[in-house]
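Letters A, B, C and D name the chains as they come in the text, with residue numbers starting at 1 for each one.
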Amino acid sequence: MGTKRVVFAGLAMLAASAVAFAGPAPAGGTVSGKVTYEGTPAKMKPIDMSKEPSCAKMYTTPQLAETVVTGSGNSLENVVVYISAGAPDDPAPSTAAVFTQKGCRYIPHVLAFQVNQELKIQNEDQTSHNIHPLPKLNREWNKSQPPGTPAISEKYDKAEIFPVKCNVHPWMHGTFAVLKNSHYAVTGDGGAFTLANLPPGKYTITAWHESYGDQSQEVTISGSETKTVSFVFKAKPY
Amino acid sequence: MGKLLAVVLIIIAIASAYPIVTHMFPLPEDISTHGHAIDEQLKDTMWEAGVSFVAAQLVLAFFVWSFTGRKEGSPLRNFPGGARVMVIAAFLLVGTEILALGVLGQKAWANVYFTSASPDAVQIQAQAEQFAFYFRYPGADGKFGGIHPDKIDEGNQNYFGLDPANDVDARDDIVSGELVVPVNREVHLMMHAKDVGHSFYVRELRIQQDFVPGLDLSVHFTATKFGKYEIVCTQLCGLGHYNMKAYLNVVSEADFEKWLKDQAAQ
Amino acid sequence: MSSTIVSVNSQANALPPPKRAAAPAALAYGQERAPSSGIWVGVFAITMSFAAFTSALFVREGTADWGHLTLPSILYFNTLVLLVSSVTLECARQALEAGRLGTQEVSHKASAWVMVTLLLGLGFCAGQFHAWQDLRAEGIYLATNPNSSFFYLLTFLHALHVLVGILVMVYLAGRLMASHTTFRRSLFSNTAIYWHFMTGLWLYLLLLCRMKL
Amino acid sequence: MEESSVQQAHVHAPPERFIRKHIFSLDHKVIGKQYYALALVAVFTGMILSWLMRIHMVWPTAKIPLLEHISSAGAPGGVITPEYYLSLLTMHGTLMVFFVLTNAPFAAFGNFFLPIQIGAEDMAFPRFNMMSFWVTFAAWAVLMLAFFIPDGPPIAGWTSYAPLSAVGKDAGPGMQWGMSLWGLSIALFCIGSLLGALNFISTTLDMRAKGMTLMRMPLCTWAWFITACIALLAFAVLLPACILLILDRHAGTSFYVPGGLVISDRLQAHSGGSPLLWQHLFWFFGHPEVYIAILPSMGIVSHILINSMRKPLLSGKVVIYSMMSIGFLSYMVWGHHMFLSGMNPMSALAFSFPTLTITIPATVLTLIWLGSLYGSRLQINSASLFALGFISMFVAGGVSGFFLAQPSIDIYLHATYFVVGHFHMVMGVASLFGVFAGTYFWFPKMSGRMMNETLGKLHFWITFVGTYCIFMPFHYLGLIGNVRRYQSFVDDFMQPFLGWHKFMTIAALITGAAQFIFLFNLIYSRFKGKVAPENPWNGTSLEWSIPSPPPWNNFGGKHPVVYHDPFQYGVKGSKGDFVMQDSPEQAVPASGD
């Protein structure tokens, strides 16, 4: 049963990679830019992990909540930048998107991956975690992962951005961004992003943030040019 | 075979009593002002129950030993006095027993539930949720901000659903995952359940009280010894029930004030 | 010593007094009485569960979202129908008592009354259904508020019990029509007890809804 | 002419077709056996679930083969997840309380022997009787279905407290369809039990043979009758509770769920419901249920003790009145399950006193049993061993009730292993000992063959000692504050005591294994056991006056007439030291004493 599933997955990967590497990748345009904020963002509170000593003792400095993570030069992190319209749907890549539970945190806090791409969830803690994504369009599930149990493998078949939580550790909240095509980025420190090899055409670029919502811009790519787009979010103190 | 049963019964009686008599399973130390009454009550009951248990087993053993395998002709006898004695005995023994226990127990129970917290007790709100406890201190203004379930945002550490944007009282509320209380000072714990039923249990405090959704209950206690003690949930509340814990930290008055300041600073 | 044993046995040794003994004899295998005690036990059970619903209602009544429900006026008409049905059932009993059971015309007369009763019963159910329709028309559904929840719940469960009674009466009428010789009076009297109980239960429920909802 | 018609209606010819004979049979004896079989399946399922729980508790990372094939989500790689542990716990409790402790001592033996012991040909309502079994069977099937749906079984425990049980999938795995199946199953079970209770009551009231006055009924008949009265009341209240639960879950009503609950980050669309309402309704059923489980065993044990002591109890009447008062009091004590649920502290005391009072009739019973042993000619066999074991067990589990009946002590002991130990001993094991005793005693009558005594005694010794090894430590661990319903013990103070948990687990495995000896004995004796005579134990009650197994119409169409109460032991009779209820001879005191 279990083994059979693995075999299928393997075949699927082979097929996918075959498609992916058939012929040279089309050289196209690039959209790059930076996500910033204006105003004063809320001060992130330290997370109180006292209820889970096995995690609490892994940290010397208090861990902060990650709903709003800012970087140098008012840059905004954990923003999903993707093409919401204009690009054709891409086949799921053969590589799995990995979501790790470590020290009672989610790594990464925001995980973007494609429709039908394999999602691998692993628990590196000594405590039992529970993964409970809260999608609206996709099928909802809620599984526990005791320490030392095999990674959970899942797929989502509809494009959607939704929160994921751990029922056992209330502070553990993250985001799954399930996207239609392969042109996406999640901003890190510096808030920079790059969406590469876009064929000529008119695109709608959308930037989504966990607590500041989303905004979109139109971009037209002709040939292999590089367009710069930047997003600015309004920050609220509370 | 009957004699064997008698022997086994005696062994069972002794073996069962042994761990109790030798205190192999001591109660955790009592750090509350009301706990000793409960412990006394427990001890008395242990005596009465223990004695009746052992006695019954021994009598059973003795009768089984002496009356099995008697041959056909051997005379049948009835217990002197017959049923009447038994009934009277039951009423006298158990009757007095339960009266004693009932009356004494009432006192211990009253200590906890018939008294109300003194007005100068430390006011703390406890929220139970799947699967953690969070505690809220009113902060400088001494007022708790209102609770707005729709505002709850755990990812952002807003466990109570406070609304600092519009609610001034809520801005200085201190929320902690640890219950820090000053020693020898009464604490008034207002209990609020966010999702399902939970329970608040601290062995050393001799306090256990359910959280009932939609029903705001409260308990009050005075901790008399420094230290960290475990708070656990004792009402089945879902998959993480076994891991629903927090810690009670009993500190000196000074440390308590300091701790409040540090929290407020964050 | 043995005396005690004797004393234990003695009160039992004697044969029961003839009257005592005769009584059970008449109902050996309980062909006549068994069902009658059965129906009372059943009535008791139904009473208990509706008592449970009542206590639930009293508990729930205290809460903030408890509103008010104006009962559809057709309910009073339904009540009348049900009361009349109890009367017609008694008429059927009259018919049975009056004539010698087993003669064609008697059992036909009785079965006619029974049919009238069950038609009235059906009328009652239809009326209840109409009452629900009225509420739905006002946009009041099962989950709209606690009052409506209790109203639908209680009326529906009662109607369900009434329907059971109707089914039994269909059977009863059939037996009366078909073979008047193998007709069991106990069956009739039990059905009657059940039916009157349903009427009484409804009066109680109506009062409850009227006063509390 | 009415009479004749009645005869036609009632006296049915022996069924010929297999399906009418063994499956949809109207014969109370077949139905009794069906109940017994169902209880047997349920008890072994429940036992294996408890094994899994015990194993997981002391070896949390143990990989249990096969388990992942039953539930890949519940046991990834064979390792039980926290929620699956709770699923096992819920199913264990539900199976044991409803399908074992209610079915075996009451429905199974009651159905088979109550009509025979009062000299009736069948139950008052054979069709209801058949229905009650098949509805119960459906309830069991629905419950079992929960294991095989993707959602898995519910995790709310057998008490299914609202709102956890009432809000659906947000409450966790198994709480969507698993929980609904639970509710449906229990509702069905209520209907089945109500039909059964109705039948028991009117059979006892109206079907007694000539001369069978109420006071001449055997004590187990009395126990079944009283139990039926309790059950009628209890299940008539649980059924509405389940209906309300199902409505809250699927119709969006708010009977149990208050407003403003945020579960799994979702604001629940309910308002105003009262969680305590469920607790009140449930425990109004739940506490009497304890006596539904134990009373029949009390009756069976009394019945068997009289027979193996060869002398009557000190007083049959006192036993009957004690059982009655227990049944009566059982309806005033449900609140002692809710001392800490935020009821008015005054009512806690109001519930505490009747709870303590109930120990008086219980003590009377115990003293009567003990006192009756004095001066008897006690004969030891598997049946009487289990009967005596019952007394020991009943006392052991009973005295711990003293603690829990007091609200003040309950503050400390509530929801600890002390409680688990208490109800497992008194409600679980004690009543099962009654069932075992009954099985060894009545198997000859039910199957026409004797059970193997050697295996029976072996079964007793392991079970008796094993039970104490399992459940005594429960009490001790409760005293140190070991909380129940935890899938593993993460807190530090527990570490020194984990050895005891290992000990309990091993004891549980051994004791459980011993039950397979019993199972083997049942099956072996059914086919290979030596043929049973009509009255193997020289009993006096009516079941021993007819062939083993009894013919389809019990008394072969004859109407037995009863001349004595069933306590005619230790006398000089034509057959020996006893006189049967249906023999007209006068009992004369045995000579020589």
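A few comments on the model shown:
The rule is simple: a residue touches a chain if its C-beta (ideal position, glycine included) is under 8 Å from a C-beta of that chain, and two chains touch if they have at least 3 such contacts.
In this text the structure is predicted, and so the values were computed from the model without any measurement.
Chain pairs A-B and C-D differ in how many C-beta pairs they share in contact, with the greater number at C-D. The innermost chain, defined by the distance from its C-alpha mean to the mean of all protein C-alpha atoms, is D. Annotation: 45 Å between the Cα-based centres of chain A and chain B. Separating the centre of chain A from that of chain C, both taken as means of CA atoms, is a distance of 64 Å.
One finds 48 Å separating the Cα centroids of chain B and chain C. Rounded to a whole number, the gap between the C-alpha centres of chain C and chain D is 31 angstrom. Under the contact definition stated at the top, the residues of chain A that touch 2 or more other chains are 128, 130, 144, 163, 165, 167-168.
Touching of two or more other chains is recorded for residues 81-83, 172-173, 258-259, 264-265, 272-274, 276, 311, 315, 570, 590, 593 of chain D.
Looking at chain C, residues 1-2, 5, 8 sit in touch with two or more other chains. Residues of chain D that touch chain A in their complex: 60-61, 68-69, 72-73, 76-77, 79, 81-83, 169, 172-173, 264-266. Residue ranges on chain A touching chain D, taken from their complex, read 1-2, 128, 130, 132, 134, 140, 142-150, 152, 163, 165, 167-168.
On the side of chain D, the complex with chain B involves touching residues 81-83, 86, 155-157, 159, 161-164, 167, 171-173, 257-265, 267, 272-276, 309-311, 314-315, 318, 340-342, 345, 348-349, 352-353, 356-357, 359-361, 363-364, 366-368, 370-380, 385, 388, 391-392, 395-396, 399-400, 402-403, 406-409, 411-412, 414-416, 457, 461, 464-465, 468, 472, 476-477, 479-481, 483-493, 497, 570, 577, 590, 592-593.
Considering their complex, residues 129-133, 153-157, 159, 164-165, 176-178, 238-240, 243-247, 266 of chain B touch chain A. The touching residues of chain C, when paired with chain D in their complex, are 1-2, 5-6, 8-9, 12-13, 15-16, 20-21, 24-25, 27-38, 41-42, 44-46, 48-49, 52-53, 55-56, 59-60, 62-66, 101-102, 142-143, 146, 149, 153, 157, 181-185.
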